[in-house]
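Comments concern the structure below.
Lettered A, B, C and D in written order, each chain numbered from 1.
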Amino acid sequence: MTNKSIYIKNESLSVDAAYQYILDERSGGNCIFVGSIRDLNMKKTVRSIDFDCYDAMALKEMHKIADELFSAYEITRILMHHRKGLVKIKDIAVIIAVSAIHRDAAFAACRTAIDALKKRVPIWKKEFYQDGHYWINSTP
Amino acid sequence: MTNKSIYIKNESLSVDAAYQYILDERSGGNCIFVGSIRDLNMKKTVRSIDFDCYDAMALKEMHKIADELFSAYEITRILMHHRKGLVKIKDIAVIIAVSAIHRDAAFAACRTAIDALKKRVPIWKKEFYQDGHYWINSTP
Amino acid sequence: MEYSIWCFGIARDIVGAPRLLIQLDTSSSVADLKEKINRMYEGFGQLKTYRIAVNQNIADDQTILSAGDEIAIIPPVSGG
Amino acid sequence: MEYSIWCFGIARDIVGAPRLLIQLDTSSSVADLKEKINRMYEGFGQLKTYRIAVNQNIADDQTILSAGDEIAIIPPVSGG
């Protein structure tokens, strides 16, 4: 069994599957971050979201982030799954899951992973509202 | 629907059920901590663990912690479930799950919750090894 | 007056039962209770520390016990 | 030389297609490519910024493009 699971998927992501993946008899602390689609952003009601993704480069960057985390923290396993395509409110956009012997490393690596993903991984979010749409971050 | 779920249970805890509980259309950031039983502690192989619990006082303290977190952080929902009785390696001891509009609050509240639980809530862990047992923290 | 004391964690192992019956003078304090417990069971002297909860709150040594109080021995906790 | 440029996110909307064919002199740099893109589509001037990836790595302006490079327009990312 490998110690990282990195995917971009066009189907629903499962929190339970993520936990099952990182579960390891050596680990006592497991931290899972789930990014879900919320109904309100920048004071506008969001109806749906379309994730565009440069798959090959995104996966490469996610693997790089995971490898950096294994160097920086004493962690056991890491999972990074990102959704692509059209999603709706309450759907899962991303799951980061990290197991470690102790919770300090699990929390820190999980937080660092989602921050790095949002900064570095080539994925783009287009929000659809009643009256239009907006590519997040793209225009001032 | 209430915004906190606080339980001490004599049966398996479910990560998926925890996520379903905290999921809310207003939230975008969800942080889940899972404390699982690991096979090695203080260089000894752990065979099983028995959680003793002062249920009434523990629940009261967990509710207090949850209420403090609602005051301190902008969070949407919180779940704190703790296992009691006999558990084995890889079983879940505790789940803390927090949803929030933004991930900063979700991470911070989740971390504060598990730290407070470990410090304040009257639950006791007895580890069984091949050659004996030990009540964690109790004796020097 | 007779008090019934709940014993949790290692306290239950030291006492050998989940409840301990203790005779104390009226208006005894938590400090008096601890002194009596320590005298009855030397195992408590080997703990890092322990506290007494009265009516589900940690009580300080000066707290006076009353009939009907829910009293418990709280060794160092280790949940999570 | 003709380059095929992948367009992602808002770049795809600006260009109106997932790929953009661009003629550039041999030994053109990423800076040359950006200049040409900006001239062809004024929409790129309205972005906060954008970068060019060459062979799946963010490339700086001085990078020289070669035949067979995998080139993509990378608007500000917003995953997660």
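Keep this in mind: contacts are C-beta pairs under 8 Å (C-beta built on N, C-alpha and C of every residue); 3 or more make two chains touch, one makes a residue touch a chain.
Note that this is a predicted model, so its numbers are computed, not measured.
Colleague: Give me the step distance from chain B to chain D, shortest route via touching chains only.
Modeller: Minimum step count, chain B to chain D: 2.
Colleague: Any idea how many Å lie between the Cα centroids of chain B and chain C?
Modeller: The mean C-alpha positions of chain B and chain C differ by 26 Å.
Colleague: Please compute the C-alpha centroid of chain A, do the same for chain C, then give the distance between them in whole Å.
Modeller: For chain A versus chain C, the centre distance works out to 49 Å.
Colleague: Using CA atom averages as chain centres, what separation in Å is found between chain C and chain D?
Modeller: Chain centroid spacing, chain C to chain D, equals 73 Å.
Colleague: Of all the residues in chain D, which ones touch at least 2 other chains?
Modeller: Expected reply: no residues.
Colleague: What residues in chain A touch two or more of the other chains?
Modeller: Residue numbers touching two or more other chains: 35, 114.
Colleague: If two chains touch, include that pair; go through all of them.
Modeller: After working through each pair, the chains in contact turn out to be A-B, A-D, B-C.
Colleague: Inside the complex, what are the residues of chain A that reach chain B?
Modeller: Against chain B, the touching part of chain A is residues 14-16, 19, 23-40, 89-90, 99, 101, 103, 106-107, 110-111, 114.
Colleague: If you look only at chain D, which of its residues touch chain A in the complex?
Modeller: Against chain A, the touching part of chain D is residues 6, 8-10, 12-13, 46-48, 53, 56-57, 72, 74-80.
Colleague: Given the complex with chain C, which residues does chain B contribute to the contact?
Modeller: On the chain B side, the touching residues are 35, 51-54, 56-58, 60, 82, 93-94, 114, 117-126, 135-140.
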